[in-house]
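Please find the structures below.
Two complexes, one shared chain (chain A), two partners (chain B, chain C).
Let's turn to the complex of A and B:
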């Protein structure tokens, strides 16, 4: 009996941080729903990318040395060539302008007769691209600088703290716009603008955590065993802080999406691709006439994505960082 | 005048006729003595009130309320005719067409201003000499020298002399500009200039008192002092501008009258009801800068706006498929005015560009790929396809079929012959990418560009738009950095010469020939034609020159817009005009009717 009990306790007590977090997350229906939304949008983004890249690859828009790749793609996709064809999201038909939602056009059509649903899917692709790529820029910067500052302290710390304080004191949207202007308009400008400005929070967080961890016993032990500073930092300390990175990612992803929408709305972001911001900007002029579908669906989808990511981010933070837990969930 | 394309700009450009009344619950003017007879309007951003500096339509309209020139357009006459304004009768022209002698009206006074030290200042011939010298003065950075360039005896030498470091000496005589006596002004030309009289209606030739320029210095831009029917009361840049009736007119007994001569049909429209009455009718004009087209429109439908253009986005709600006014608007007494404009919109090729410049077939292919039918449909049929550089309504317009009409097969053939079969460069294997520079990035421009990208995609050419703000765009063109650019040209006067000069070699960037098109044969014809008086022979030559341009395809001719404007029923004497400068003095309001209308049709009723 005791043995059985012990076994049970061992099993439960031995739950890792991740397993425990997963269990907590699964129990919250709102989180499950948010997760579902995120999965659906991820799939939509993947689908959008396939459509987009199929067209890009099959079209002749590539240098001669890549032509064999194209031939291969044509064979795999069993398409002759798409020259003269247009992907559905840019196909224009002025006779089909401003059609309300119907079976043929699930979410209606816009001012050039393009299908709003397919444009929204492409908008999702761009939003995900922005979210992921800006994270790939910002997270490594934040993590590496934060770790270095926290671990080495002194001069290194001074320089890095000065750097992020400087970045932090600039109004972020203006700073992003300035970077985007230098990098020319378009997606690259958006990536760099958001990526290069949004690492500060993570960097500060990592620095603080590393400062704490380097005093802990396991780090002292590693040092006593002769481990080098980088080994300690990236093999010992960093894995213990990975949950912070994940939380940060889930929080900054929707923020990046929002920023991209704002930039595109203002005309300094994505150029001539169906970004959500551009769609809103185009659609608002006709709203008063009762042409609600383009603006309505776009807004709804932005709301859904941002809300789902934020809920998920909050839940992840609660689950992974027990100190921040607000619910009385202690079993 | 250059103008960026797009319905909104067009709409704003006719700002002088876009009138807004404030909402009953909104801010009321503090000085409401005669608030009933106030015109509230919308204007584009005004750059300043210095007549020599402004090249844009909104500023020109604002300036023309305060300043006046020797001549003006007869308000109701079509085709356009000139009549004296500050001149006492039309000029005496010498037999060789080189000397124009104007008598100036006596008893015309400038508005009271501190710069005159309390003394009434009468208009004199010298004020015109001074004004035109200012246009030539390099230091004023005038945008208007093109109007007098190489035309007036001694003026080019004056310009040359003004470029030195010293202050410009306005006492330096210019033999072609003479005040013979206090009331006689004479212009001597180097060669005939048949367009001169049209030019003299522009704000570049308005009378300017030198005292004001001296008194205000740089600030003269913000302190207009003219003889016109209104004076500037206040100006908050990019927000609000207010004009009030010029009190000097009443005090000195100056009486200008509403025209008695009109076109057939004008009387039936009620345009002669005020014939012979003294102008202006309106006491105050208040205009706001409202950029957003939907805000403008909502103000109009709420009864807070007296007049409005129709943006592309509002089109279907306002105009029936038969091109009439929608019933719910008609029932409210709103009137629709439809007029063709003397504008042309185009995509220009920079002939300096190594890709499009030397490749005639490529330019022709792109012209053939431009789907004018879809383009017209996109603009709700409110534009007409442009075949050449000269708009309909101007002598020299050619209604022969276009040389390179929309034809995809022909476009593809031409493109292959140009070295880009199916849009792919035969040498590099790369798809042809062309960059289109644009001067605005509002939604409507973007949408139209996306449509155009679709046209070129059909022949395999990728069009890459590059959106700039207006000043950046202008400087890119001036520095010849554009490959393709989208632009409009608004006539300065109703003569085809004003359009053909856009292809004249010496007018290359930074001049108005932004395509940097050079064709010695064309230049020779142009030089010959610009001194010719109006005649069938000149018209025939205009046609020949226009054909030449169409054949060489330095532009893709897009469209000539139709102007649609709406007026509420209490605005009287309104007649659309291509050159509406100073016309506001003829408009009359019926404030009581405005009040009655507002009570009858409030915003709440409108939404029903």
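Let's turn to the complex of A and C:
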């Protein structure tokens, strides 16, 4: 049985939705370029997290219950405890304040003599953290609620539709900021604020699609074979809708990054880490004095990341599900 | 049609109810301690109590007989002895559950933060009596104002409640424990204030406020929030209404241009431009706009709200920053219509391109356009928080921002609530206009 299954799959291969989409995406140079940009920034974010966590684990004054973690890390990294040796993005050098870009400081230094380039790398880490973690909050909520509403209908549907319509009414930025304020300032507030408000669009989309798929032959066949509702939903229907989740992720990621920048700029988001928003806020007034590099490079990098994600998201959407072109735009 | 409108209005009730619940949950249930958030850790218990009483936070959340009072700070014997550390002779152990230990042969005043205001209170104490050296259990007397009781004697942990009336001019010690021999160990002690009615809760208080159209008083300016909002709506509208109309006209004309020249370099150029415009952060528009157009070129004033000239730059920035998204949306709408049968028919019978576009397509595209237009009405109200903030325009967005920075919970709650309700009404308006334009909707 298993053997026939695999042979069938290899014979049929080459024309699936994913392969087809991949082929179409590869042909578009703009898409390939955006993908390259996204890869570069992802690598920068990974590098940034390694630097950041290495410092946090080896240096910070850890609470007693986390000491074993520190000891383990020291043994694995074969490193000494690096107390006092700050990484480049924190290290201040007051003799090097406001240095224009040079070979030593690729993108210049800021008002405390910290290297702008390394701070931007850390900003990339924070942006990616925000994009990923808010998605990890919002996507499960949207998918599960949308599937339940679409499949079970009746009372369940009524309640879930009511819930997401209510959330949809809330004035977006203010609502996010209010949640962040309640959750205390800092990154946690940003995650919760964006994560708990941005599931509505995906939920509505999933509900509509599940509603359609429920009528299709393969679902009826599964039901006739005695599959339970959750098995049908999450093993039969959901894999057919995964492309919607991926499209949604590619749209929400740049939006979350933009919101985080605005929140941190306003002083509601990240507090003392080099978030892009904080960097803009610090550098804003210096622009008047001709110190352009911190603000210039920060805004340029935000534009590059967001633009690459937007272009990639558009292309993914066109390749995977052209019908979404109108409805997907609005949110 | 009338039946449809009525049905639609009825449908609004659960929505408004949902908004009330969400705002209530956010600020009252999840919000923790607004008084502490607002007044800070160093505030006196009395001022916290005053804040609570003024805003109904001293009531139970949904329903119940007992509400909270700050006269007695909850003790956490696991971590510290709380205010018992101020009392002479009291010891504290944190091993095995943690408890405050009152050795015998003395009388102890319960260390309260302030004298409770008149009303009925209830003490609940979880205690244990440890026998004296000669093996007799102590008979502990507990006096609170007029009420006095001997604690029931038992060796294991037990819980005891005492109800206590506070009359206006009560003097002397507020609550006192006399332990003649042995030891009294206290694991937990709470004080609750009797609520006027079991339904008199925070939720009912909030509903009552909303029913009166009263959003309370701002803690910082001591001004009615409804009045502050009325004052802020003017500047907000002065900013957002021009952005709205100019943006609409510009983006629809550009969208028509794209549809007219579809699949030429012009169309592709605008598509790319709209994605780029969408990707630029709002902040960047504002900062560079102020720097280049305001400071460098001196075309516009950089900051302030003094005459109509001060509005030019924020309006321009608002239009440009919104252009990308709306241009893309309207272009898709127009192109969607371009492939319909009636367009082919119109071309076939010899209508010119311009006529087809402006007479046939534009009219049919009005439905999605109208939805988009009506649904952006709520955004006129909060205006643009960032624009108002960075240009110093004293509108609602600025007011909400200051509320957030000062942890002024009532201000934020009012702005969020009104914004959501306006959205519900805009939704109603869209649906009614839909039904008016397209009779099929009514019958569904």
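Everything below uses one rule, namely that the second predicted complex is superposed on the first by the 305 of 331 C-alpha atoms of A that agree within 3 Å, B and C clash if a C-alpha of one lies under 4 Å from a C-alpha of the other, contacts with A are read in each partner's own complex, and residues count from 1 in each chain.
We adopt the following convention: a residue touches a chain if its C-beta (ideal position, glycine included) is under 8 Å from a C-beta of that chain, and two chains touch if they have at least 3 such contacts.
Bear in mind the structure is a predicted one, so any value in this text is a computation, not a measurement.
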Looking at A:111, would you say it contacts chain B, chain C, both, or neither? Reply first, second, both or neither. first
After superposition on the shared chain, which partner residues are touched by A:267: those of chain B (first), chain C (second), both, or neither? both
Return first, second, both or neither, reflecting whether A:240 touches chain B, chain C, both chains, or no partner chain. neither
With both complexes overlaid on chain A, does A:278 touch chain B (first), chain C (second), both or neither? first
Is A:314 touching the first partner chain B, the second partner chain C, both, or neither of them? second
First, second, both or neither for A:288, with chain B first and chain C second: both
After lining up the shared chain so the two structures overlap, which partner does A:173 touch, if you call chain B first and chain C second: first, second, both or neither? second
Touched partner set for A:90, first chain B, second chain C, both or neither: first
First, second, both or neither for A:302, with chain B first and chain C second: second
If you tally the residues of chain A touched by each partner, is the higher count for chain B or for chain C? C
Of all the chain A residues, which ones make contact with chain B and with chain C? 267, 284, 288
Which of the residues in chain C come into contact with chain A in the complex? 14-15, 18-19, 21-22, 26-27, 30-32, 275-276, 278-284, 287-288, 291, 295, 325, 328-329, 332-333, 336, 368, 372, 378-379, 381-382, 385-386, 389, 400-401, 404-405, 407, 412-413, 415-416, 419-421, 423-424, 427
Quick one: in the complex, what on chain A touches chain C? 162-163, 165-171, 173-175, 177-179, 181-182, 254, 258, 261-262, 265-268, 277, 280, 284, 287-288, 295, 299, 302-303, 306-307, 310-311, 314, 325-326, 329-330
Listed in rising order, chain A residues that touch chain B in their complex are 59-61, 63-64, 67, 83-84, 86, 90, 92, 94, 111-112, 185, 267, 271-272, 278, 281-282, 284-286, 288-289
Please name which positions on chain B make contact with chain A in the complex. 293-294, 297-298, 311, 313-314, 316-317, 374, 377-378, 422-424, 428-431, 441-444, 446-447, 449-451, 453-454, 457-458, 460, 462, 465-467
